[in-house]
């Protein structure tokens, strides 16, 4: 039986990935600082939760030494806006945390480390689509920490043979976002809140057009990349793309499933400004040709399907 | 009186910079792990040597708190091949060391942090000349640690207003290299050894053509960048270029000053291979247009002048 | 106006101390990893909550640099049984955390650091009463981390003049304990749960006799020690004592205020064994002569008064 | 074949221990930051020198993982007066360094960790002889770091079964001391310098009486303690004692072997004061009863024999 460790596995992508790995019979260890009560009920008793902190060498070494996974999916990170509020914590968790994971993998012979990076490693002014090897000058510390981690992982691959591979996610659409937990909290939130019957206020323009990947596609991409044949890979870090949606289209998608959703429009120029600058990168299409060519990547969910599935899961309490 | 702190100031670039800053009346603090006996006699009593280790938070905080420089020139780093032999030490010194310096600068109100990066942040396969914002996929960990530091410094500039600025050096020609201390040790060494009357064996092809910057130009560039008007800067990190020299041209340059130099040619394909791959980047011309435009950068030493000055300094014991 | 920083100020002792300091007009900064929602309502808007982690150098430096308190009350620690479950975290928080606090105090000129240690720094086999300078061979890692911190604080006092002073608490009786948060959780919990009208099961012998200090006396001792005249102090670390109570006496005390308390006795030899060994130290009387002589220490609450006050506060929601 | 790792094995005690272990057929790995050139010629090619820094988690983990010794002799430490000059480095090397060694031993299944502590863990005012479990309130940070390490090692023994054992050395007499490398540098130095034919100036009173252990006895005690049967041990940390010598007796001992030694007496009250206060502890006899009872400890060298052997080794260049 294969075994996988998912850092940050309690989070929105990690738990979806855990479900997929369990479904195909893998042993799944989740390394997280969150308590067991935060794990979804359907997987709580089927995974091993290891309480460990990426900032602590001894904890990470012990976790990997005791569990000896075949593959580590390294997803845990401090995300915006928290990553920008506490730069010292971001640095320790996101950058040195990756160093600790890679070093533990090396010392204890873990075969593969799959890494989740971000398109926020690119600046806001970008060509269309953004090439896989475009220069990476991130706006936010979050992106900085991910660039550092990408380069370090590539080094471990070249120097020590650690099978480091990763993807760059654009904005992830899915349940479980909290205000402050990520870029486009507000976009995912309109879906989640309306699915729950709560009112929601939208503060950006209805024409603002962003690009998203559905959370189940995000999780799927990590598993598919882990499975890809080494000989087919032409790089270690792969841009992913997804679907485009304007705010209006998201709202229409919600209304199709929740006709009585209480959505109010209150344009706030400050919000719009933030979306146009700091989060400008997610207005751009990514060139995911290499992912398509090297490991046959394609998403499973269109915009409409993603919204529908999202709402269904929220209503069934399976987030 | 202005005051400057030079991390790694005992090293080959740092000591030249110290001389220049002293010459114009600045107070100079040198932060290094090397003992005072390694400082050149002509500056030993004119600077303050602070024994502190970049891997230790408390030491760096204390050093900056006690001395409160106006400017920190952050030059200290573990260099190849040592940086490649001990990746864990490289990471702590080069990456987290830069974090500590930036954080100390922020907490204690240091106005400017000038950083010495490297063209080894670029891969070996490159366009000619290499644009200032070319994608950075370094071969060596040394380059990885410098990419991480560049991005982090830029973030401090944007987020905290720390006046971070830096240059990317190509191979530095100058006295004080030891085997193992840097890329092109062997090229500088042929000059230094012959100036001392020692024999020297060259193991690469006479047609191998690299690009260099003379150590005094390297030091000068840091001082000029520190002095540049903020309003003129269009980026935070500047490519520098220098002069081109084939091995044959270097040897001819030496012979012009040391006619009886004992130079032997023993071609070793392994050495040549390393120079063509790992150090391939220094076979490329850098596009330094931005440095020229933004702060009027130009080198002071041609190839011939650099070799002559180098030999003179070695003979006078002023290295 | 004097200003104080309380590390771990959201906790059960820290919040009582915050109230006392506010009551006499001090500015109070609380450094904690807990969110603002965990602060009691009556002090939430009257203190500054600084979210910082003792394991992170830059966060502690920044917190002290930005707030420049006159006095730091360093109370934060990982406590048993958590401290025993994760030794690596205990070490970073309790030992190196104290180092970071002391170093920040030194660098930023904080006058006084008051430290809360524990009688768990002593072994289980002890003379009666336990002398102030009895050899310290703790059973638990918790005690180990506190011994290390005591010695380090004393060194800062001797070497750098940091006015380090501290007390050793025995078991603290007071609201806010959670199972797993400290030694005698079960003893405090019987009071708290019954005050709330919840049932409670006691698993140790009714004759088990421990010694306690009431949480308000614990907080008071820190403030009084901070106020003590330097010239009067004959040591840096002071044993404190308190009152004695058997399980039966605690229960009787509860019943006096909560006649219908639902208390069940279910003797569990394992619990009893733990109390006799690991927590054996709190069965012993401490010699607090030095605290009495040097700074006139005396407790304000007898056993009966402590239980009554405790129940009243729980009922009024002022914990 | 048994295998041992000696941290700080390049130092004066470590190299003697290495010789003893090699002599009985063990594999010896030396972990040190010193270069191979500092190793004595007679053992340089018979041991494996691992260049690793106790301040770096990854380096220590890697060293232990790669070499898997049966026993680690953890001797490396920053010593007085350097330990007092740089408290931050002392703390990282001596305290957290021990944590890293213990953790690596635990993770990689090293059976035994033998630790070298110091009688400087005791204060200057002491009973005669000093009991094995006397309260430890050290004057110097060096002693503080050793107390912390002792308590932590004992915890690993109780909690994780790591076979931690150690001795407390008084002043070690032997070649290889450098000014600044330890307490009684001056006492060892008078012997070493005179053996080399160099002049020496003594600055303390001729009646100053200290207690010493000869370096070969120090090394021997570590090996004997490692060999001791677990069932015989009644504690984890053992006081050692040695011989007494006044300054006059040391000088007479030197003159017996080096009749023309150039020794000058220049009493300096400052030196004498330091010896009476900071180093006061080494004027006291230690109670080593437990070491004698539990593992039959006895020294092999009297004062006269130690001085003679010391001089012989210096003259033969075997230090």
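We call the chains A, B, C and D, going by the order they appear; numbering starts again at 1 in every chain.
In this text, contacts are C-beta pairs under 8 Å (C-beta built on N, C-alpha and C of every residue); 3 or more make two chains touch, one makes a residue touch a chain.
This is a predicted model, so every value here is computed, not measured.
Following the contact convention of this document, A, C is the list of chains adjacent to both chain B and chain D.
Seen from the Cα centre of chain C, the chain whose own Cα centre is farthest off is B.
Chain centres here are Cα averages; for chain A and chain B they lie 38 Å apart.
In terms of their C-alpha centroids, the spacing between chain B and chain C amounts to 52 Å. Of all residues in chain D, those that touch two or more other chains are 57-58, 62, 87-88, 91, 99, 103. Interface residues of chain A, counted against chain B in their complex, comprise 84, 87-88, 91, 95-96, 99, 103, 133-139, 141, 144, 147-148, 151-152, 154-155, 158-159.
Looking at the complex, you find that chain D touches chain A at residues 57-58, 61-62, 65, 99, 103, 107. Contacts from chain D toward chain B in the complex involve residues 51, 53, 55-59, 62, 86-89, 91-92.
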